[in-house]
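Two complexes come next, and they have one chain in common, subunit A, joined by subunit B in the first and subunit C in the second.
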Partner chain A sequence: MRRVLFTVLSLWLAFGSARAQSATQLRFCLRSEPKTFNPLLVEEDSSDTVRYLTGGVLVRLNRKTQKLEPGLATDWKVSRDGRTIAFTLRPGLKFSDGTSFSAADVAYTVQQMMEPSLHSPIGDTFRSGEGATESKILAADKVAISFPAPVAGLDRLFDQVAIMSASSAKKEMAVLGPYYVSENHAGSYLMLERNPNYWRQDAAGRPLPYIDSIRLDIQQNRDLELLRLERGEIDLVNSIDPEYYEKLVKEKPALAHDAGPSLDSEHMWFNQVPTAAISDYKKAWFQSANFRRAVSEAINRQDLARIAFRGHARPAVGIVSPANQFWFNDKLRPHPFDQKSALQRLQKDGFRLHDGVLRDVNGHVVEFSIITNAGNRYRERMATMIQQDLAGVGMKVNVVTLDFPSLIERITRTFTYEACLLGLVNTDLDPASVMNVWLSSAENHQWSPGEKKPATAWEAEIDRLMRAQASTLDDHRRKQYFDRVQEIAWEQEPFIYLVTKNALSAISTSLSNAQPVVLRPQVFWNVDELKLAPEVAATR
Partner chain B sequence: MQRLLRHAALILVTVLLGGLLGATLVRFSPAFGVDEAELDPRRSSASIESIRRAKGEERNIPAFYLHYLGRMAKGNLGTSRTLNRPVLELVVTRLPETVKSVILGLLVGWGAGLLLAIPIAMFRSWALDIAASTLAAILLCVPTAVFALLFVVLRTPGRLVIALIVFPKVFRYARNLLVKSALLPHVLTARAKGLGNLRVFARHILPNVAPQLSSLAGVSVSLAFTAAIPVEVLCDLPGIGQLAWKAALGRDLYLLVNLTMIITLITLMANCAADLARPQGARA
Partner chain C sequence: MRRARQLATVFLLLVALASAAAGFLAPSGYAHQFRDTPDASPSRQHWLGTDDLGRDRFARLLYGTRVSLCLAPAAALLSSLLAALIGGVAGFCGGRLEQLVLAGTDLFLSLPWLFLLITIRALLPLNLPPVTSVVITFMLLGCLGWAVAARVICSDAHLLRNCDFILLARASGLGGWRLLVRHLLPNLMPIVYAQFWLSIPIFILTEANLGILGLGVSEPLPSWGTLLRDLESCSSMSHLWQFAPLLLLIAAVSCFHLLVVDREFPA
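For the complex of A and B:
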């Protein structure tokens, strides 16, 4: 009897320890609760993270090489007219719930995505002209999708389209990515389990992903998130602020990673809306390229990067970050800090500096306010530094911080502001993704949204070039057009680009194979290849 | 029974008026109807227009409120715009978390408050009185958010912050009441006649202070719910306090109206229970 008991106990212990060794769980935080699990309706970071971890895509943009790689599709071809893309699908794949994957699922996903009433943000990026999108199932593993007009960077856009099942009862919860959502404790945490039907294998033929589950804690308090990382309760923080980064470098340097300039930039612009409720003489200043260039040259970008961002940013050049390897126009350089040149430009427009006060040609003192969002300490710091820099050329600047909805209301509805300091978060490398910013008729053409016709010759030229690049398939010709757009934006400065922020992250030393990059998601872009140290796995 | 019905009618009217007032305040708050998604560069003009149109439907408050009440009668509390979920589902999942925090906070706060106030009144312990009064004064001066952050750093359950908010109020009020009652002539006579402390407290002091303490109980419930908002936000506790904060930042009309009504209902019910618990004579 004693022997039997001993054997049972030994087996139980052995099984228990084996389980503890094999069951690995990655833990990190989401800053808010995901708003949706429907991959086509994703618009904020948390939902995007869940989509990235669970969604299977036809083609995947390798975040490190910035090149497209096969995903659910083994092969794809864009037609000469740029309207049609044909995919050959990987055979024998299944969704996480066991439902088979076929061309019908691709057709269903595209049909859902392009449904006008859904207002899918991803669907909007495919909309290039009036008319219906058609999906033709050529075989169980072949599908062709035709759009009413050419779509620039068509294949690359499919990196964002997670394929949904047309027949699964679980709807969007049946997925083709490395993980699936197994538990959702609203407001508390999400549990993702390894998808048993995930198609990828490593070089040795072992099924991926290596990590069995992911726990995503909802944690909006950033201080707490970092504290939890230092205590070893979570394994990574995908994006951290320069201040936290510096703190981490001092306390636990092995955890801190700076991948260099990201795609995100900080910029300011002047209100050029013709109907805005601001004085006519101020409108005239803001509409002058000389005035905007002078302001740009009077701002010390190096100092902004060094002081406001603790050296983890670089003076910005323009629309495109140097991190965007293909589309960045490398002939351009950041505007130098040169207050003499700034004053000379202002003199061309009749401005005069007297007793440290700048006045325009009609004697009006040059004074304006910059609005920015309250609570963002980096922008608040930048605004204060800009205030000091512009005082050097006699301009009086007032800094006004507003809560984010109030700021959005001012820049999109009431236009009751003079200048605004804000950031641009770029998730896509292709210039097609910024069409709604640079076309003069677009709502996000922030210095003067929704122009009936281009207000200036250079805006008309940008419109022409943006449309030309969007309707051309040859990437090198597209780049020529977009290089010119970058040059015009650099000369005219409707947006005064200030700094390009670095991609900072924190990664536990127990997590291996992590290669932080500048593209989102910076740390877990290769989630299926990440590994956790066995001792960490045993403690969870 | 009549008293109960009168209270119920009063609660219903106040809750409905509270909901209407809440909706009006949200409607006229700055940047009502603005959505961050409008800045998404991927969005086409048609998409942005659709977002604005959807928010525009909530601008007419009388129409919104009537429509809302009609739906509420059918058990539909609307959908939260910030979290994209039915409000009923959000409340059902989040309310237990807050109730747990509030009950724990009230129990610990009341327990500590009475545990210190009773010996001070009964044994005239001046050292204890000075120590406890100083502690209560310090706790009253420190903002709730500071306690919450401190608890996060010290890895202490954030729910206990509510107890620190409730404790000084309960202690100071209970101490003053008990000390005053302990000096009443009939209590002094009872003591002079040799009645034990426990008997004096149970028979002569407690009945005297019970009506006022029950009023304080009602007030402390609303105090605890108010404290739950910063505590849940800073300690990342997924309760309705955190929900209310998010709803306020996002000008989420449906969520805010419902939360206003729920908090009003709970506060009024607590006050009503305290009121009903008091004997008729004490109320008069």
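For the complex of A and C:
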């Protein structure tokens, strides 16, 4: 009897330790606590990370190839008028809690997303006109969704829509993605466990994901985050600053990864709001394309990228980053640093340089202020460098750093500023995502928000082209329209694009299959294919 | 202790002289960006190396010292005068006026200083030259920094009001402003003097804090506050010369404290 018990105990221990050895846990940090687990209400980075790791989507944008791939839907078709999209769903799928997945869940998710009282940010991207959105269940695995007006890039938008269960008692906690939220220790950490019902398999037929669980620690301090990576306590940092990157390259170069130009850019613009409380002669400068082009040519972008960003940025070209492979207009080049050409442009408008001081046609000294947000060292450095560059053409620039709320108040409500230096974070590749910036009536048309009618002929032309690209389904025609928008923006420079930042990340050497890319989430976009070295698994 | 005080005075004088001769000692200037040599180590051309934009650290330290060392005492003087006026008059008059002033002072002390400064700084016109901006910043510090000193002075004035020599002066028919100016204020001077010396390092540190928040002196003008921001960068530990502004700040503040602690005030 004793011998039998001993054998059973030994077997149980051996089995247990084998299980423990095979259990793998990926660890990384969130900068703040997720504000919501409802995928339709996601607004900030942390919630977006949880949505990406847990949410199942009908179509997935492959972050590397930048092409759409089947997800929960095996096939999809957008109607000719761009208002309807029909999906054929993958059969036999289940949510993490075992509830079956069907077309009814897609219809439920869309209905929830478009519910005006929910104020879903992702729902807003689908709103193209007045009227109701209809979901028609054609079969258990077929659903068609009709919008009141054509939606540009309709299929790509579904990359952000995590499907929710219409019938599960767990509501949004029942998911179709590779992981589900198993524990939430508010303010401390979040545990995600492998979804046993996840549909993807690898080429050999093994179920994905490879890693059993993910621990997301809430960690605001970036120094500590990097220190923990170096100690091996976490496995990746999705996005790091150039200074941290440089530090990592010196200390542990194998961890540092530079994926090249990202979609994020830094730019400056002049206040062209007609009612702004600034002198009329300054308004006249700012409304002159020659003045804006001269300022642009007088700024040394190479130096900005090399010094302010320690070489981890590129001189920016325009609206679209070269990282956006399809939509970038590759005929355009960054504006060259040429102060002679800048002075010639200024002379065309009657400006004169005398004793190092530039004066306009009426003798006013050219002096203006650039505001930027306090505490952002990269922007402060850029502003100081621009100050010296523009001094080279006789312009006097005062750099003012303001706390962020004051700055936003000035650029969106009071318009009491002259020039502003800020950055633009792009998460979407499609031109539809910048409609809210480039339409003259848009609130984010920052140099002159919410124009009742286009203030200039070139703005009217951009309006026409943006509307044309939004109402066309043929991507090549859309690109022709959008290429022209990029050319006009390059010529007129209402935004003076300065640099495109590189996508920098840090990845532990024990993590394999990681292929950092420029699109968010840069490192864990293929989370279901990531693998951890067995020795790391054994220590956790 | 007396020797330490002498050394502190000599040190502060040397620092003040060096900053006054900044143009001669560091001819490259505080604003010029040597863009081919950012973050350079100390050399003959740049005694303390260059900062992340290629500006000469030694020149910036000297000019920054000039800014902080000139304007912090000016702000301290302003706040001490305000404190003497408000606290002295309240303590001397006593009664409801004293209660009112003390209540007002308590209210002023309860205000979140930093946010108040940030708000006021954000309301200022944008097109200010850096020198005007720094003068305004220190003036704001002076105007907002009187409350603690006023409470101390008020308490002292309250005690003095009941002293025999004041009662004698009153009995002799002296009253009002003449009593205040001739008898009370001279006797309050030691405490005002002490408050002045104590305020200088406080204002230097406050400006440094505002500088760290990016809300102090505007670029390209340096101050000790803006220079301390360089220590935020990751590579600071490997570039020990970057700590020069911090060491100078600690030394200067310690010297000011030595001058205050050991000073024998005439009673």
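Observations, loosely collected:
Methods note: the second predicted complex is superposed on the first by the 525 of 540 C-alpha atoms of A that agree within 3 Å, B and C clash if a C-alpha of one lies under 4 Å from a C-alpha of the other, contacts with A are read in each partner's own complex, and residues count from 1 in each chain.
Simple rule for what comes next: contacts are C-beta pairs under 8 Å (C-beta built on N, C-alpha and C of every residue); 3 or more make two chains touch, one makes a residue touch a chain.
Just so it is clear, the model here is predicted, and its values are computed rather than measured.
Looking at the shared chain after the overlay, A:303 reaches subunit C, while subunit B stays out of its contact range. Shared-chain residue A:125: touches subunit B; no touch with subunit C.
In the superposition on chain A, contact of A:368 is made with subunit C only, not with subunit B.
Counting residues of subunit A touched by each partner, subunit B versus subunit C, the larger count belongs to B. Shared-chain residue A:35: touches subunit B; no touch with subunit C. Look at A:403: by the touch rule set out above, it reaches both subunit B and subunit C. In the superposition on chain A, contact of A:338 is made with neither subunit B nor subunit C. Across the superposed pair, subunit B and subunit C both touch subunit A at residues 223, 403, 406.
For subunit C in complex with subunit A, the residues that touch the partner chain are 31-33, 35, 38, 52-54, 118-119, 122, 126-130, 213-215, 218-220, 229, 232-235.
On the side of subunit A, the complex with subunit C involves touching residues 223, 243-244, 246-247, 303, 307-308, 367-369, 371, 374-375, 377, 380-381, 383-385, 387-388, 398-403, 406, 416-418.
Within the complex, the subunit A residues that touch subunit B are 32-33, 35-36, 43, 116, 119, 121-122, 124-125, 127, 185-188, 218-221, 223-224, 227, 403-406, 408-409, 412-413, 424, 428, 433-434, 436-437, 441-444, 450. Residues 30-31, 34-48, 50-51, 82-85, 89-90, 93-94, 97, 149, 152-153, 233-236, 238-239, 242-243, 246, 249-251 of subunit B touch subunit A in their complex.
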